[in-house]
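For reference, chains read A, B, C and D in written order, and residue numbers begin at 1 within each chain.
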């Protein structure tokens, strides 16, 4: 076993870290107070390109760093040290997941039209899967948005909600029931839908606890959206399989970014606890504060190493959802604990976004829900464990 | 032992509950989206007065219900079922705590000028104690704002921050070092300062995780604020003792209100879990959801009964900070757990303020910090326990 | 609301406390090292009778204190301060539960033959319900032991395990399938079986984590046990209903006794933490120790008050399993946390039974399992909550 | 990064696993019921030598496998799958730690006389550091046992307690104050003391929660124990430094072994949950059971990977106590959680040593205390974090 980084990873890591400190963090407070818009995104992305650190996880062919998944874990954590860092580096959700999926599935024409401008940050995108109850949420099989084949294309109808980044996105990857393929899969299909499609109707933003995502979390009506056959992503009827292509790595890149945010909250809290004298001693030297500091150190280390190991497993040939489910549950809950402790350590100021921790606290909560709620992953992990135990018993 | 309510409590409880459902909850979404202002407050308070349920905890002489502390626990919980309920009923922080303190300490003239308009909802107030580091936070002894005696009064100078409700308050109770009394107490003094005092300078609102408090959490400069002797609340030099008069019951009324908010979040989550089918069964019938539902029921019951018991103890003659510290820690952590589980149970929608839970989640976090952070109370509880054990060992 | 004790409760409480300190605790170490036998039990019970504190919870007609359930909560906690205390006072499991059940159900003849000698401590008993998989465990409906009616009585066949107190018991209350009554209940019947019945075969003791129960946890074979009709307890076919008569209060008396044990562990740990200097300061003054001390104080208070409230509810007319389920889960988990912290606070010595804490730790674990595992109660609590929510929605 | 095993590790892993299943596990129940003695140890060790898997972690020169620390993590976990496995393979505490320390420090003569027979399993040893209060416990500096230099040697006097394995040990490594070296270190010295030294007096075994350690946890009197100069281990006065040589890797090998025990408890519980039908469905398919199964899978994975990473760090040049403290806290708490859940999953049977889980539960508790209580490590971790933060602030 060997846990060391390559020199190229170490080099990027250092440069991303400097960039975040020098260029991204100074932009935070204004962005927090007035909103994260595309102008800010373009500014930051231009700077990241100049610094030669844009899109570490994207393939070289797309202008990215071409790093492996486990290497990206190191780099995206450092990018995530600012809530704006992933956006600056073009490795933010949901675009990063869409880039990955399109890179695997898109046709050459789709690559040119959708993937390339997305990977370079020219445009933003969204991923339209979740629906209001009783539609697709934790249980994707409940999909209500439906596509039916018509002359020369498809017509999609339905309602989506909590679609992250929809406002301002140039296009959406839309998941719809229908198109059941000859391979007997469940029959969902993915479509590329332009935001200026007349049937694509952007409704209100949800007022969520988190507030940093450019483009918000929007409700969308799909009013008989017509798309040509060329808008089908991959093969009709294989939508659920493609969703897995997107979701398993996407939940790991979420982990990477949130590791950075949690580390940031911890560092700020630690600095404050060192400088703050309470009851005659530095807060950082008092037992209950020490316990919180230590638990943060432990959680961050455990989460980081578990994430690295999982990424490595995905690469060397034991991919699959079991390890990524375990990792997603542990990391999402660990980073929430870390940030909650950081709030507690800093007291009243820890609840403010002026000290950044308050903003991270609000933004990170939903990570225990999206890309698979903890409970859904636990159910899945248990089923895998039972299956393995049964094999063991039989063999 | 007898845990039953009197008929009068039961009557108010029923009427408050109806009022909150019929009159307060319908105003929530607009208030959440556009802010909680004094116009809304006056509307709601007028309605509550008409309904004969205004100010249950205030003394009858002030126009309130005159209920005991343990009775108020029952009633303020029901008021807290909406985040706007306590405001509507005139039992909201920080005014409710100021009303209580003034009722105990104020001179007849102060009663007329400050207490009566506050108790009737004519004006709002704030309590100006906390300061930016290295001033008074968890450790009140670090007080930096200072008052010095001058001809005919006092001059107060300093900086306060996170002063809840300051924007729009008619007056503030200001805690300042100085005035050390002959009784040898530590020498802080409380002052009543009008908001139109030329030295009282309202600065920016902090951008905090919670957003429902009318008047925000503000920074205040006290620029050589001159007040006459008549503005001293109680005796000079006894500020810390008076702060205890305010803080011990205030932390219990906080518990009461937040109990209601947590119950609300739980009820919403439960309703959703009943109506939501996932993986072929109602969510509320699935094991991990059942565990969250049950844990909420357990936490709510334990917290409620512990709170009642503590209120009763305060009344029958074992007052003191030990029981209220224990209760504040348990209740504040229990309600945070309850609301966190409610978010998790409702998934993506649970993170929105449209479903109310998201708003409660954001608002309730700071309660583990204000009125004594959990760690400070734990330190205090342990010291009391050690002291009792030493007596036991000696006796 | 009124949480005060009557003078008679206060009097017994004081005398039990003295008795436990002066008479019971001095016998602990020998009993721990060499086993808790009936000779020790008789000695201690004789002393308790002399002290006028025997069987506080039993009815006066049976020679007990005749205290109500909520009063018993106060007294049995104090008895439980020593692991041998309940045995000394004749309020130990499983006899105390059997006494209660027989007092409610037994015929006059059964009262004389079984209940009276049991209540006075002349004999011990056991309750034979649980069975090895796939029989009755968490799910009583899986009952495999069966009774069939024959001329002049019944023949019972089956296997029971983990039957507490079986070795040395004079008789058992045996739960068996069969006897389905005209009331349509599920058809289990309870029988009183003498230990010298030729078909009653006592097998090995399980080697369990806990070791203090007189009579151990035994496996039993019921080899065509013949009993006359007079051995039926209550009516045939109503066994499950009678089990509830036993289980709901029995789980509360378990809570009472374990509260005392947890308080004892906490007190010992606190005394040690006060006397122990580590890194230059008393352990009890160090932050992480303070956190454990405070959490113990909080858990003990919350558990105690919740227990009292639940006992009161059982008495005033809202009996039922929902409140006792909530209370059992909370108290059993709280006392386990308390004892675990006591071990941690005392370090190496905390793992020994010389310091008593180690013994309590080992004995208390199973309480999260017996009389309803936490998970079974949580399922039940959630179902009750769902049912209430549905009524609310409908009404 | 590369997390794969070498073929030689995989080979040993497979063979150890088979050996534990075929040879060690069948001996467990008799050993649990009647005690783990040296006859059993010799039998099992002879078998392990025959199987070519003895002492994986010991150097080849001593007849061991010569595996690195991270490789040993893989192998000792598999050995730990039975509580008797490490004993069988000669990698059990406290001997394994003594072997490591002697291998680093002992003189050639000491190697022949003490190390070689210890490494080959000819004899057992103990490590005599901890003392009754107010002596050396969590705070080693409180050492009371003292050594004074006399003609031709040293005389050691004092009292030790909870000395694991003392009964039956051929010799002890004794830590005593005195011998302050010219290097200014704190002046403790380690001595090799034969058990037949007339001053070495073995007193009673403590009655601890755990019961599997051969030789128990004993109290020892050192009655003016005379040892020659050749009995000094390393240099006089450097005892605390040598203790670190022992403790840092020893706490990691403890982690390795307990990982195996926790995995065993989990596997047994999982098998039972699969086979057990409750309320009409396999327990393993019910939500709350799934949550426990999943949490065990997550904890085991996180703990294992964190342990591997820490071992690798120790080897490649970032040794030190910070990483091993973090790892020890996380692993010791994680394995305790896992075993506790395994008990809960299996219900009544989970509390028995017949099902093994009950025994593991009792044995594993103390691991959160020995080799540094969690609180002591947390204090240390926080201090390291503060130190690094200060460097960051300065640099």
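Heads up, the rule we're going with is that a residue touches a chain if its C-beta (ideal position, glycine included) is under 8 Å from a C-beta of that chain, and two chains touch if they have at least 3 such contacts.
Only a predicted model underlies this, so the values are computations on that prediction, with no experimental measurement involved.
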Number of hops, subunit A to subunit C, where each hop joins two touching chains: 1
Remotest chain, subunit D as reference, centres from CA atoms: B
Centre-of-Cα separation between subunit D and subunit B, whole angstrom: 51
Inter-centroid spacing, subunit D versus subunit C (mean Cα positions, whole Å): 37
Rounded Å distance, subunit B centre to subunit C centre (Cα mean): 41
Junction residues of subunit D, two or more chains touched: 287-291, 375, 378-379
Touch-based graph of the chains, sorted into line, ring, star, complete or other: complete
Subunit B - residues contacting subunit A, complex: 32-33, 130, 133-134, 137-139, 142, 161-162, 206-210, 272, 275-279, 288-289, 343-344, 347-354, 358, 361-362, 365-366, 368-370, 373-375, 378-379
Residues of subunit C that touch subunit A when the two form their complex: 286-291
List of subunit A residues in touch with subunit D within their complex: 1-5, 70, 267, 270-271, 273-274, 284-285, 287, 289-291, 293-295, 297-298, 301-303, 305-306, 308-309, 312-313, 316, 323, 326, 329-330, 375, 377-379, 381-386, 389-390, 392-393
